Structure formats: C-alpha cells, structure tokens
C-alpha cells in the first residue's frame, strides 16, 4: 500500500529521518515504535504531505505521492491523526465530525444558494453518521460541546473519530493512545481490528503502549535515530535485544521502595 | 572615471540619509516588536506614544533652555529625555490599567487588543495635540553638523559634497546602544527571560512563579522608553509635528514585520531594509553613473521608479522578502 | 438678527496646522462686522466651525450638511482642500442654495463646476502663478530648474503650469516630481532632485508640510542653494525655519500692492494669531466678502446675496482694505458701491475666482523682503 | 509542537498572531490572592476537600471530590477520559474557582490564593498540555522552572539532564522543535527544577517511551521517598498503581473508589472498567 | 474561557434590541435639536447613507476575517479600485483621448499581462529563473515602448480639464458591478501572490498592496486624472435642483410641510438609501445562505485550524483565495457606491486610517463573524465618527467652562477640534469594554 524509499528529512543539520525505507502492506495493521525523537512523527508528516522530504520517495499503490499536499492525499484515501490533538476548537464536537467528508455539495458556494434541499438531505445523513461515531467513542453526550472544552483524552478520541467518518484506504494514527483511558484503548483496538477486517482499511499505528501494540499490530517496525532498527512480529520485537536496550527497558529499579 | 566623487554622491544622498532614517524606523520598530512579542498584539498607538513622549521632552527642553541649561554640542533634548520617558511610561501604564488589563483578565482575542489600541491611538492623538498643538516645532540645538557640505568640499576639493548631521550620527549611535542593551536584557537577565517565557506560554509562566503583571509593567515601561527615544531622535533630526507620527507608523510596522515580528534584531534589519529600499530604488543613478563612466550620456535619469512610488516600492520589496522568508528576515515568532 | 456663518476647514487631518490660522482670519472679519453693528440693522454674526478633515469627502459632506441643514448657516468659508470642497459643494451647498467661498481650494476643476453661482474663491487659480514664476526666474537668469510639488491638485496643477510656461520661455525642467505631505522622510525625493540637478529648486508645496521637509533635506545635503517658493511656501514660517540658510532664494505670492496685507498682519497680531500662516488672509477676505455682499443685497439669504459678490469684489467703487469693513458697510447701506480689496487684493474674474496680483519676495540676511509686484 | 511547527516554518507565522492565538493563557493572571486561613488538625500535607466547581459559569464538573497526599507518599488519580482528573488538579492549583470545598497545604488553608502565590507557597505543577515554553531553549525552560529559586541551580539541572539524557543532547534547541515525548520530558524536568514542597503531575508519561517511563517512575519513587509528596494523574494505570501509596478513581467528577494502589489492583471491577484489564 | 461565557450571555433579542436602539439614535438625530443631535433629517439620512456603504465594506471585511481569518489591511486599496469603476463606466467619453492613444494603451496593457502569463509559463515549463527574468525584461521594454507615448498623448489632450481616457457613458449603476469585478480581479492577483502568508505577515502585505493601488490611482493621470480628481460623476437618482424646479415635487413637499430645498435633499437621500439597502440586503442574504451551510462550516474549520483542515481534505489555499476574492468584490462594490454617492473621485482621500482601520473597528465592534453585527457596528461607528465632530468640542466646552479665563482655557478651547479624536477613542473603548466580543457576537 505505502512504500517509503530511502527517506531523509533534515532540520538544519539535524537528521530527524535518516534514510528510512519501509513498506506497509495492504490490509495490514503495522505498528511503528521507537524511542522519543526517533523520527516517527516526522516520517508520518512527510508521508502525509505536511513536510517536504529532504530526499527520498513515497509511493502509494505504486503511485508516487511524494510532496503532494495533504488535502490531495485525503482524497486519495490517506488519512492521519495528530500526536497533539488538532481539533477545531470553536466548533461543536458533532460539527468536527460532519465537516470531514469531502465532496459535500454544500461546500460549493453557489450550490448553497441554489440547492438548499439537496444540502439539507445530505446534512441529515451526515448527522446520522456522526452520531454513530460518537456513540462508538462514548462521547455522544458531548455532541454539542465545543471541541476546545474537551478533556485531553476526549480530544484524542475525536481525532480518531474523524478518520471513521469516511471510507479511507490507509489511516495513520499518531499515538492515539497517549492520554486515553486503557479500558477505552482496548475498545479502540477492537474497533481498529474491525475496520481493518470489515472495511479493509490499512493502518499504521505509532504507540508507546506495548499491550496495545501487542494486541493489534503485525508487523511491528522499530525506528531509532531516523532509521529502521528492526522489523517483525510483535512477539519477536519484544524479544529483540537491541529493541529492549533502546526502547523497552527492563522495568522499574526502585520497585522495592514501593508499598512501604 | 571618478570613483571618489561617485562614492561621495552615493554616501551623501543615499547611504547617510537612509541609514539615519533606517535607524529611526528601527527604534520605532523595536517598540512595536516588543509589545507584539510579549503582549501579543500590534500596538497601533505606538506612533502616538512616540508623539506624546516627544511632546513632553520638547516641553521640558524648552524649560531647560529658558533656564539657560545646555549640553554644549549635544542637543539639550537629551537631558530632557528621562523626564519624557518617565511621563510616557506613566501614561502607558495608566492606559494599561484602564484599558488593556481588563481584556487580559477577560482573555480577549488579540484582535480586540488591536482595536482597543486603535481607540487608545485616537485618545493619545488628541491628548498630544491638546498638550502641544498641531504646529511644527524644531527643538534641536547644539552643533548641527559633524561634516558640513561646504567644509567638506573645501577640505577634499571634490565636486560633490558630503554632509553628516550630528542628529544623524546621534541616531545611529543611540540605536546601536539601545539595541545591544535590549538584546542583552532579553537574553541574559532573569527578568528578560521571564518576559520571553510569558510571551511563549502565559499559563506556564504563571505556574513557574512569574508574576504576569510585573512582566506586563516592565514591557510597557521599556516600550515607553523606546518610543520616547525614537520619537525624540526623529523629531531632532526632522522636526516635531504631531501628525507625522501617525504617518511614520506604517513604515515602522513594515520594518517590524519584514524583520520578523517579535525579533529585536529583525526590527533593526527591517528598519534599514525599508529605509534603503525607499531611497535606493527611487534614486536616479545618472549622477553616479556620470562619474563612473565619463562620457556616457544616458537618456533618462536612470531611475527605476519615480519617488511617487517610493512607499510602494518598499512594500513590494517587503512582499518579495516575505514570499521567500515568510516569517521575516530573522525568524519571527513562529510557535 | 443672529446670522450664522459656517467654516468647513480641515481642523484634523494632514493640513490641521493650517486650519486654525484660517479660522482665526475668518472669525476676525466676522467679529469686525458684528462689532460695527452695521450689517442688516445690527445683526450679529455667529461663527460655526465644522471639521472637514481635508481628505475625507464623506466626513466633509456630513459636516457641511450639518452646518446648513441643522445650524442653518447663511454662508460657508470653505472647503479647504479641493476634493472635499467639490463633494460638499455639489452634494450639499448647491442643493440647499448656500454660498461657499473657499480661501484655499485652487483646483482648476472648480472653475468649471456647475455651481449655480454659489461658489467663489479668494485664492487665484494656479495657471497664472506658473507664468509669473517662470518670468521671474528667467529674469534672474535661471535656465534649468528641478520642480517638486505636493502631490495634490494644487501642487500638480501649479507644477504643470510652471513647467509649461518655463519651457515655453526656453528654460529646462530637469525633473518634475511629487512629494507627499506628512511623510516621515524626504531623503529619497531630495536624492532624486539632486541627481537631476538644476540651477534652482522650485518647491510647490506647503511651508508647514512636506515643503519644508524637502527644503531642509536639500539644504543639509547641499543639493541646492537656490530655491523658488510659490504661494504655499512664502510666509514667516519659512524665515523662522531656515533663516539665513535660504539667502539668495526668492518667491512670490498673491498680494495686493498697497497696504492691504500689512494692515491685515497688524490686525492679526493684535488679535493674537499669526497672520502670515497660509491662507489666513484669504479666509479673512472670504468671510468679509460674504458679509459685505449681504449688506449690498440687504438680505442674508444666500440665494439673494450670491448675485452681489462680484459687484462687491470688483470696481467700480471705493476701495476697502482689511479693518475698513465698517466703512464698507456704511457705504453699502447708503446705497453706494465698493471695490473690496482686502488682505489678498481680491479681484474676481470669470467664474468667481481672483485674478491675482503677485508680490515678489526675496530672502536675504535671514529676512524676507518685498521686491515688487506683478 | 513539532508537527505543527514544521508547517508554520515554511508558510508563515500563524500560531502567535491575531489569527490563532495559542500562547494566550487561560488563567486570569490579574486576580489577586485572598487571605490564608488556618488548616485543620490531622490534615494530610496537601488536601483538596469536598471540591465542587467548574469552568467559568458552566456546569459543575467536580462534585464533592476529595484528593489528598501525605508527606513522602505518591497519590495517583485514575479514571475515564473526561472524568475531571485534570480539573481536580487545576482546582487544587487554584486555576478555577471552587464553589464549595477548600484546599489546604501544610496546615494552612490556601483556597483563596491565586496560582502564582501557590507556586510561591511551594507547589509545583506540570499541566497535561501546553506544558513547555516552545520558543525558548531546553535549558531556558529548565531555568524558568527555577525562576523563584534564589540559590545555585546547576546541581539540579545536572540531575535533570542525567534523568533525561535525550533532552540533555538538545539543551540549546528550542523546546518547540522537540518530539512529543521529548517535550514531555522537558515539562517534567521543569517542574523538578522548582524543588517544590509538593509535586503535581498531570499525565507525565503520556507519549514517552517505555524505557523513559520506567526511569521517570523510578525517579518519582525516589523523590517521594525523599519526603516530597507527589500527586499525579495517570492513564498508564497498571504501572502507576504499582507505585501508588494512595489511589483515587474519579468518575464524573466524584470519588468512586479510594484505596492503596495494591488494593485497587486487586479489585476486579476497578481493574476491568478503569485500568484496562 | 471567556468565549463560552459571553456567548451564553447573549440572548436572541440582543441584535433586534441593538438595531432598535440604533434606529432611535437616528430618529433623535432627525428630530431633536440639542448639544448632542442636530435635529435635521438631511443630516440623519446623510449619515445613514454613508453608514450603509460602510456596512457593505464591513461585510466584505467580515467575510475575509470573520469567516476565514484573513487579516486584510488593504481595504482602502480595494475600495479605491472599486471607485475607479464609476469613472471608467459612467463618465462621458473624452473627446480625442481615444484617438490620441487608446489602442496603443490597450496594446500596452495586453502586452503587460501577456508578459506575466508568458513568464509564468516559461518558469513552470523550464524551471529556470533567468529565463523568466529574460521574458520579464523583454516584456517590460515592449510594455514601456507602447505605454509611455500613449500616456503622454492622452495626458496632453486638454490636460487642464481632462487629460484622461474618459469613460464609456454607460449607466452608473452598472459600474457598481464593474467595481466589484475590478476589486475581485485585483484580489485574485494579490491572493495568488500573498495568500501564502499568514496573519500579520499577510496584513503587512495587503497594507502595502492597498498603498500601491492608491499610489497608482494618484499618479496615473491618464486613468482617472490622478490627484487632479474627477468631478461630476453621473448619479442614479434625480438632482435636487431639478426636483426643486419641478412644481409637482414642490407641491408634494409642501403637503408634507417641507420646504422645497429640504424636501429635495431628503428625497434624493431616500432614493440612495433604497438602492443601498437593496444591495446590502442582497449581499447579506447570499452571505447568510452560504454561512449557514457546509460551506460556512468548512470556512470555520479552516479558520480554527488550517493544518487539520488540510489533513481533512480541504484545499485551504483555494478556499482562502475564494473568500479573499469574494470579500474584496464586496468591498469593491462599496467603493463604487461611495464614489457614486460623492459624485467625486479624489484619490488623495483614500487614507488607510479612515478606509481601513475605521472599517476594521466597525467589524470588531459589531462582532466579527456575524453579518448583522458588522452592519450594526458599521452604521453605529460611522454615526459616532461623524457626531464626534460636534460632541468633542462640546465636551471640552463643558469641561473647561468652570476654569478661570486665561491662556490655558484659551489653548484648550482652541484645540477643541482635536477632541474629535478623543471623543471617538473614548467611545470606541467604551463599546469594546462593555461588549468585548462585539455587540452581536458570533453564535
């Protein structure tokens, strides 16, 4: 689905992504993990067209999509969420979802003058779909709340909800889990699996919660210092020495001081 | 070929005037940029703050002159400057208390601050005129020239003359000192860093124990100082006229923005860029060319554009600069 | 009866420093007439100020609208700048049949405007002055000149008229470029003028506006030593600003031969304002003309006395100088005829504007001296 | 914000401007403190008792909620998203006005103090979001943490750098250019610099990698055992429960369960519904 | 956050009540005579008419700022370019001007545009800057070669009275649409270049562009006589003089108890008012329809967070361009209407304080993002701006009344006109104080 070839992205002299090559298979849920500052978000941003690469190519279904702007990629079926929630803060939660689908006739200005009826029907359908998503995310009661007033975790849910409003081909999730309640996170994992199975979405997921990665992802790609460090099934990765040293660690040292 | 004459003509008509004007703009832009960086709004009242500070300085200067106080070759206004700064600081602090503080407590959108500053501009505008009137005043005394045209011609034997007014030199020197001091203050002192922290993230500054109201006060006082110094130097060099201080606001904003809003070095660079583009682009190079290539008789004046368009020219340059460096020459606030 | 007279002048805006002097001049004439008690059986004149802003036609129109329809003024001294004057004249004064006499709007467009005989001005149109100026310069042996003008209809009109006349007489205009009033800096303009060069610099601007800024920069950089000053520049302010630095320069402004102007200056001094400030004398004349015309028509209705303005301003009749308004009123009340000369030697021609006699001045030893009249 | 900054880097200044005012705070810095009252006998070191309140004039979000932490202990707050955990922290810190209840610190009633004065009274806080100074360097961020300290801060700064080697390497870089996890480390580092008498952390481990999380928890344990009480909100509940001396489960702004971390971990219902199995 | 606080405080009756209050102000202005009001219907209507034009301008600015967050400070430029339309459309043709240089001028303008297009094509095809520069240079030379003589010839044609190319002699109402088109075209060009910039940087770019447009109007005499002004622009409504000479009208006026002069003034102003109201309401209708549909939602989303909107498939740049052009077109229409009302085109009067910042004040005071708010703010602020001329001096008169006679009193009274600014500033600050998010905040 997505193929990244020898991608570089430099900030001044700093090589945030330093020659990463990887493939995300169609229909897979690929996990992307790595220490803080490994360049995961930067890689996402380059793929999603937010940042131009310094060098290297990105392909989607064998089509070169390097440097295409995000809105074009959206229409090609590539969606993404942001690590720091990017809600539309002065709009209500429901509006945040309803604005997502492309090709709404009500978004063409002259149609808003001439085709009121049609727009009205489309809106009713959108509202229904938005409410479904809200129900799923357990935040239906917040439909009329301004998105800016949501709690940190709720914003992340909303971020995820937007990707569920349209039929995507491939969805990039940047730390959906950070700040989300773990019980709910497992429900989200189920949803991702369902979307993957039933609607054939391809996912690429950045996450630091290894339970989540373990439950969800195959394969898992490990990045470190801008390069791909390892790749394999979740179980393999968790056994990999290099990964443990750079990323997973060996647990608490001060455990004995607990519970005194 | 007469390189010396060409050089002197260039210095006299382009370089020195543009440098002095640039320094005046830069000083004004520093104040604008500071308010922008820390209080987060474009202060339209800055021009009139400059006018007010200058008016007070002039009144005090007259008082000093009537007592027979003078500074020798330097303008007496320099002595009056501290009083002007103090009065202006009092005024802007009062304004902050009466106007802006309310919106800060309300967490109003920055555009509201901008509009409030337009209101303040109107009031200050009237206030200055009530204080000193609408007429033009010259208040420079002391030595007028460091290098006068006639003396220079006699001394050098060149056909072209060179003039350097003491106010021009003074402006340049003061600008350098003020900029260095401000830079040091913001980057090295605790208070300066507190100001930058506040400008970055108000809530967190608060959570770090920084007193926001102190930061605001400090900012206003510095801005008042900068405005008064800029206004007085400008008035010394040209003349004081309340109306002109509103007019100078546009180039000041241009300078602050092209340099990168919120960046003091940018403000300085922006000031010079605006000034040089105004003067150099509309300068007819015929004379300089005449010296460099004797015998060449160009048909026209070798002027890129008429002076009618000088302001437009400098704006075109600004836009081009911004297209290539969207946050200004020196990266302005961008987070 | 209490007669209200309006003044629509730019008290705020770019020419704000000229407005107070003009208002003072006009009010002095009104006071003089009031005090005499001779106008229409002892009517008193009440001046009403309005702020035309000089640049905002809409605001000026609203001001004049207020003066006429709300205050009920019988005549207006104004407008101050041509654009604003035209707008308020066409949109308010003409529909309401009220006379406007402008002391300072010099645009040629005002000569041909459809004014129903309601518009006059006490400043001459610029075409003639260009002629006079070119003549003087030629006599002084100045063959090439650079011209800078304030970028409005006055400046441009005058500069173009001068350039035409000067070229026709065999002179060369090296550059004819504009400067804007109220700008921060004039280095660019002066650099351009200096590069073009010339024996003298003609400054068709205002003395308390950009004109002085240009002269200052030209002197400081040594670009020009000799300046030629038309009416907007000639005034005490010029001497105050530059003193001996402009020795050798010269200029001209409309002023009658005789003691009219001097008398006005004296009166202004007593009244406590600066009579030399630009267009102050013209404002005095504008106000005086209106009031004298009322006396001549024996009516304060502008639609009636508008027909008497030309008579009052021109021969035949007794010549009336500033300070002699009472005398004029007496003559008119007695059915006699007067020829108002006033402070700026009024002589109305054509469409109600002054023909203009020019006074030639020279600057020497830091002083302004009158050389002659033409 | 690294992923935002990138965009603005080449298109112009959008965040700090009239258009999109992000740096603007939400706390009214002009509010004056009221007077400090007496505490109650037998109080824990820090307690927010019976807190009821919400944002602005909106509906109540906290309902009679009580949170406390003893000297030398770690208290953890968990709960579903939107339960009011962050709100409770903010309430304890004086960032929203309480309609009922009181906050007491070290034997004094500080309910009427404004946040600035609570900092001076020795409280340190890391908010959940917007917790760094983006355009200042990492080092300056840490310095700002020590703003109210008058003594030598180099020692503490070294300790912070030891704890977070990743940010030590970037000490001269603007904090806004860091990755999400790195920013989180800077934010915690800033609070450590304060050397407070009580430390409040709102989801300190959100977005940090497992290895750093372990280090962080180790550090927090060490700090707490050194006598400094730590109050934190956590979503990495399992790990957090392991180190909690006291744990609160908040649901819809009210205390649902309270106990030691161990007790709550044993409680099946709590584990299933709030801790993720 | 204050935002929700004030929004919840705003009742649905707020706007109607404020509009009613405004109407009362105008009623007072028309009927009551005292230190505050002038008691003349002519004054009241004159203020209202200009207020309506300001309202349309404010609507344009509100579209750009309130809907999309574009900080356009070049309002004065778009107003000015719209004002060019009545001159070029409705003025009678100038004798001889066209023959003197018309075709050559058109050729020059076409050459200029062609050069720009060609340069762009060359650049996109080859990607070489020097090739583009070469094309530009060659184009410039060709352009000047065609342009300069044409301009000289046109300006020499009866230069004291005309000296411009004149108009087409078409009905002036048509020029309102043309004015909108002019401004839209200019905005398209500007937007293509400058919309990559944001917020304050866009502000300074548009500020500059506004200045440039005005500078062109001031200095290109062949176009609209530059600073020499164009007067006597035809009107779409009857002339007062004609009405006064029409016995039927005089009778009609007398029946209502008005003098002919007064009635004719009122009648003409009422005619203007109806025209302006039609335009204003038409624009509001279209704007509200668009705003209350997915289009408006999309615009709000873009204003809120461009990055996210872009990621959600919205073409932010294209939308910005669209709204920038639409808003500018509305401003251009207002510009043409203003020139029609004044009957005069005087480029020197376009100063940014009055035509950019005052308009901004109107939008913000009214409540940005809300069309009715903009209208309310515009009419109110314009009313105050005009009334401040009287209120200021009256205020200072009242203040210094008790002072002893002397220099200070004389000085203060002499400076009374400057109280206009103080009064205006105080009023503005007070309004902002009591409605910090505008009189009618966005819902």
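Per-chain numbering from 1; labels A, B, C, D and E assigned in written order.
Simple rule for what comes next: a residue touches a chain if its C-beta (ideal position, glycine included) is under 8 Å from a C-beta of that chain, and two chains touch if they have at least 3 such contacts.
According to UniProt, the chain labels map to these proteins: A, D = ATP-binding cassette domain-containing protein; B, E = Branched-chain amino acid ABC transporter permease.
Treat the numbers as computed from the prediction; the structure is a model and nothing was measured.
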Both-way neighbours, i.e. chains that touch subunit E and touch subunit D: A, B
Chain whose Cα centroid lies at the greatest distance from that of subunit E: D
Of A-E and B-D, pair with higher C-beta contact tally: B-D
Whole-Å gap separating subunit A and subunit D, where each centre is the average of the chain's CA atoms: 26
Mean-CA-position distance for subunit C and subunit A (Å): 74
Computed distance of Cα centres, subunit E from subunit B, in Å: 30
Gap in Å, rounded to a whole number, between the CA centres of subunit B and subunit A: 48
Subunit E: positions in contact with at least two other chains: 1-2, 4, 196-198, 200-201, 203, 218-219, 305, 307, 418, 420-421
In subunit D, residues with contacts to at least two other chains: 1, 4, 7-8, 11-13, 17-18, 26, 55
Of all residues in subunit B, the ones touching two or more other chains: 42, 107, 109, 111, 114, 129, 134, 261, 306, 308, 311, 322, 326-327
Contact set on subunit B toward subunit E in their complex: 36, 42, 44, 99, 102-103, 106-109, 111-112, 114-116, 118-127, 129-130, 133-134, 246, 250, 253-254, 257-258, 261, 306, 308-309, 311-312, 314-316, 318-319, 322-323, 326-328
Residues of subunit B that touch subunit D when the two form their complex: 40-42, 101, 104-105, 107, 109-111, 114, 190, 193-194, 196-197, 199-213, 261-262, 322, 326-327, 332-335
Residue numbers on subunit D that touch subunit B, as the complex places them: 1, 5, 8-13, 15-18, 21-31, 93, 95, 115-116, 119-120, 125, 127, 130-136, 140, 143-145, 147-148, 174, 176, 190, 194
Subunit C to subunit B touching residues, read off their complex: 13-14, 16-17, 20, 151, 175, 177-180, 182-185, 187-192, 194-197, 208, 212-213, 216-217, 220-223, 237, 241
Of all residues in subunit A, those that touch subunit E in their complex: 48, 50, 69-71, 74-75, 79-80, 82, 86-91, 95-96, 98-100, 102, 104, 106-109, 112-113, 116, 119, 122-123, 146, 148-149, 162
